[in-house]
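Below you'll find the structures, each written out as structure tokens.
Shared chain: chain A. Partners: chain B in the first complex, chain C in the second.
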Partner chain A sequence: MKQLFPVPHVIGFVSSLLLSLIALVVVKFDLTFASGMTILGVTALVQAGLQLFLFMHVNENEDKRSLMTNIAYALFVGLVTIFGTLFAMLWGYNMI
Partner chain B sequence: MKIDHAKPLEYSTEENRLKILGFWVFLGAEIVLFSTLFAVYFTLVNRTGNGPAGSHIFELTPVMVETIVLLSSSFTIGLGIHAMRIGAKKAMMTFFGITLVLGAVFLGVEITEFVTYVHEGATIQTSAFLSSLFTLLGTHGAHVTFGLLWGSAILFQVKKRGLTPETANKSFIFSLYWHFLDVVWIFIFSFVYLKGMM
Partner chain C sequence: MKWDEFFVTGEPMIYAAMVSIVLVSVAIVAGLTYFKKWGYLWRNWLTTVDHKKIGVMYIIAALLMLFRGGVDALLMRAQTAVPENGLLDGQHYNEIFTTHGIIMILFMAMPFIIGLMNVVIPLQIGARDVAFPRLNAVSFWLFFFGAMLLNLSFVIGGSPDAGWSAYFPLASTEFSPTVGNNYYSLSLQIAGIGTLMTGINFLVTILKMRAPGMTLMKMPMFTWSILITSVIIIFAFPVLTVALALMMLDRQFGTQFFAMQNGGMDMLWANLFWVWGHPEVYIVILPAFGIYSEIIATFARKNLYGYKSMVISMVAISMLSFLVWVHHFYTMGHGVMVNSVFSITTMAIAIPTGVKIFNWLFTLRKGKITFSTPMLYALAFIPIFTIGGVTGVMLAMASADYQYHNTMFLVAHFHYVLIPGTVFAVIAGYHYWFPKVFGFRLNEKLGKWAFWFIAISFNVTFFPLFILGLNGMTRRMYTYSESTGFGPLNMLSMVGAVGLTIGFLLLVYNIYWSTRYAKRDTTGDPWDGRSLEWSTPSPVPEYNFAKTPVVTKLDAFWFSKKENTPLTDDGDYEPIHMPNNNGQPFIMGVAFFFFGFFMVFSWWIPAIIAGLVVLGTMAYRTFEQDHGHHISVEEIERTEKALRGEQS
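Showing the complex of A and B:
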């Protein structure tokens, strides 16, 4: 029974729950927009990293280089899409 | 077909390794797909028109239930893959079964939430904000729905054929898909719900 629950997985699961609870502080306390977004950004990124490296086994793949290049490229395109859109549609000229 | 016994079953043939890499390429495209939906949402989040804003309709309890359920399902499918690697077919099937049940619970809560929104007069046609919200959440929910069908089919196949290089490969790829949906949800949870309730 014990071998069905490897310690890293259990730790990963508990930390993901903890990170979700930490993220809740932005709702429960009256924080500034910037500090709230920072907390959300950090907890979300750590959570995503946990999933990628612990559960999705990114590191053990033989084609690790092509895999990492692919993810990095996808993230680059994704981030440019999001921040490029925000820049063009909101920040660039609409200062409401 | 050359089977390399030094590797876990899902990586044991060249075809299997290429399929896993290929699936990562697909996940890369999915990252970009969800990025475009997030970009639209962030652009339109304040365009509420005569409809309600996020802070009026979002409720913490169902969102927390969804988050905990989805995180747990990500954990159980991870345990399922671990069980598969030590050859425990029955445990693997149990963990996959639990994962699918949790996925169905998630979907049930999300649908209930959508129904509540609509009853409060927040439909997909009410405002630009709600259109982008329902598109983002709905695309994620549609992925989960598809995952339930896909996962059930794989579970059925594992039961029928046992753990072979093919079924192990399919199961592993499905686990990647499921973890990815969890990652997308984390960003929805943080930057749609919590940000909206801030």
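Showing the complex of A and C:
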């Protein structure tokens, strides 16, 4: 029974809920903008890590090269989307 | 809510549609009952996990949607054919161009391509099914019920009416108070999840399930294009998922992401939409390039020129496709810097695309060309698509785009790219692989008639729009005065639209004619093909390959024919392990449909119940023990003998 019980998944699920509750603090209490964003940023990063390791099993992959290609492409698309959006909608918007 | 807010009322065309929907539904139910086909339908189609059958269902759904979207297009052309026309009012016209766009891109082009890849990819790589057959069925049913949900909108509640791009603030509850855009956010969400899973499924299938010896650089070009497309799907669709979720929250839960005040930003929707939307363009065009590569190589009877450069240019397109989205809203008012950057990236896409055009031309050079129906589409594609591509470079120049933006010039441009690019490709692919699935070819004479109708009428329909756009006719205007002088060219365009209709009707008539009279193909290889799918008998048995083929080079089947070397070893048959059919994906799709429908009207309690049913079907799958079944050696021998005759 012990081998059958999915411990990492349950840990992942419970911690995801906990992290969401912590993020809720930002709404429920009167925090400054900076501290609110810090809490959101940190919980989001931990959340992403949990997903990657406990649910998507990135560390269980034998083939390191395809894993790295995958992560590099994901980073490329993610960073382009985030910084491209900032560039188009904010920074470049006020530029002549 | 009163009943006249629920049903769309006051429009004779809609009443006629309601009557026809009821009549067709009754006819289908009665027909199935009379011919006792319910069990057959359930066992062979609704519960199937066979990639070939799922592919066929995708293509049937796509053809139906082609006609739904085509009727929309005809109505639009009819409305604008003469000045001050009163056929449609402004609201109805808005709904029609919106649903035309959504249906043609998401519920026609995408499923047609996904259908072809379902049928072909496992056969082309020598596999017995996709990596996750059950997930494949889930993908299909989510797409199907997403599409049905959107199609329901024009009789119940009203269709989305803010354009297929649904820009905010127009799509907000303030300016679009009907439930139309709720349908938009929810039906696209449901279908989009299905597409995302298809992307994952085919990425894994192509990476993990190739026949022994088939390295990446020995894959057929269509398989390569689907590999790249799957990667783009996986990275682009999550953006749509998030954008649609934010849209739903804004419209139904009072958030302000895309509002014009309280820290919201209306143009952020346009931004997110096109971060997905531009890669989406390549999701529908890259498989088309793959289809053309297969067809041109087969009918020029030569190997593809510049295989490696084809692959590199596709990888380059997949990267560039994520770097150009701002060119859809150059006129938003951001600085010169932003427009310059995106202008350059956009023009850069013309380079790898140009490489591919030259590769096809060099493949044709000195080839022994057979002018079959699929080849005609491929040959027409090259010049027509080039016109679309070159006008695209014109639009890519940000300063010039201030002149072209949102005019009929743009409409002409993207139809010149998408119709020869995607529509010709799927029709060509459908003619090309039809004998593989059904065991007989479509009639060539009828096919060629349809081709000439479609290719000529397409130009008659859309070329005038370039001129109209340069003369200042904007897109999405439902009428115009006679003094504008737009009348004659619009009338010409209407004539072309009628020709296109005739072409597509011929296409469907060809299915009927060929089913009844066409000669059956006994070889499994009617076109003298090059890749592994043609080594199987037609129609393909459930298990695809009785023995897994071994590949040593590109175009393995072609060389095995020329050099008379077998594709498989001499060993005996072994029992084949296949997945079981299951009704869970269909039931999950139905539950998703009701969930989406209740959410559209903000009926929370029924929505929660339907949502729980969705979760229940997932839980059922989690705890289910299903180990598939084995096909015995005797049964394989019997099937192979029946399909191939005595020689095997």
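Everything below uses one rule, namely that the second predicted complex is superposed on the first by the 85 of 96 C-alpha atoms of A that agree within 3 Å, B and C clash if a C-alpha of one lies under 4 Å from a C-alpha of the other, contacts with A are read in each partner's own complex, and residues count from 1 in each chain.
FYI, a contact is a pair of C-beta atoms (placed from the backbone, for glycine too) under 8 Å apart; a residue touches a chain by one contact, two chains touch by 3 or more.
As the structure is a prediction and not an experimental result, all values here were calculated from the model.
J.: If you stack the two complexes on chain A, which partner ends up touching A:Tyr73: first (chain B), second (chain C), both, or neither?
T.: In the superposed model, A:Tyr73 contacts both chain B and chain C.
J.: So which one touches more of the residues on chain A, chain B or chain C?
T.: More residues of chain A are touched by B.
J.: For A:Met89, using the defined touch cut-off, is the partner it touches chain B, chain C, both, or neither? Pick first, second, both or neither.
T.: The answer is both, since A:Met89 touches chain B and chain C.
J.: Does chain B (first) or chain C (second) touch A:Leu18, or do both, or does neither?
T.: Neither partner.
J.: After lining up the shared chain so the two structures overlap, which partner does A:Gln47 touch, if you call chain B first and chain C second: first, second, both or neither?
T.: After superposition on chain A, A:Gln47 lies in contact with chain B alone.
J.: Could you tell me if A:Thr81 is touching chain B, chain C, both of them or neither one (first, second, both, neither)?
T.: Touch partners of A:Thr81: chain B and chain C.
J.: Enumerate the residues of chain A that count as touching chain B in its complex and touching chain C in the other.
T.: On chain A, the overlap between the chain B and chain C contacts is residues 66, 73-74, 77, 81, 84-85, 89, 96.
J.: Provide the residue numbers of chain B that touch chain A in the complex, in ascending order.
T.: Those in contact with chain A are residues 11, 17, 20-21, 24-25, 27-29, 31-32, 34-36, 38-40, 42-43, 46, 60, 64, 67-68, 71-72, 74-75, 77-79, 82-83, 86, 88, 91, 175-176, 179-180, 182-183, 186-187, 189-191, 194-195, 197-198.
J.: Going by the contact rule set out above, which residues of chain A touch chain B in the complex?
T.: Chain A residues touching chain B: 3-6, 9, 12-13, 16-17, 20, 23-24, 26-27, 31, 33, 36-37, 40-41, 43-44, 47-48, 51-52, 54-56, 61-63, 66-67, 70-71, 73-75, 77-79, 81-82, 84-86, 89-90, 96.
J.: Can you name the residues of chain C that touch chain A in the complex?
T.: 207, 231, 235, 239, 265, 267-268, 271-272, 275, 319, 322-323, 325-326, 333-338, 341-342
J.: Per the contact definition, I'd like the list of chain A residues that touch chain C in the complex.
T.: 66, 73-74, 76-77, 80-81, 84-85, 87-89, 92-96
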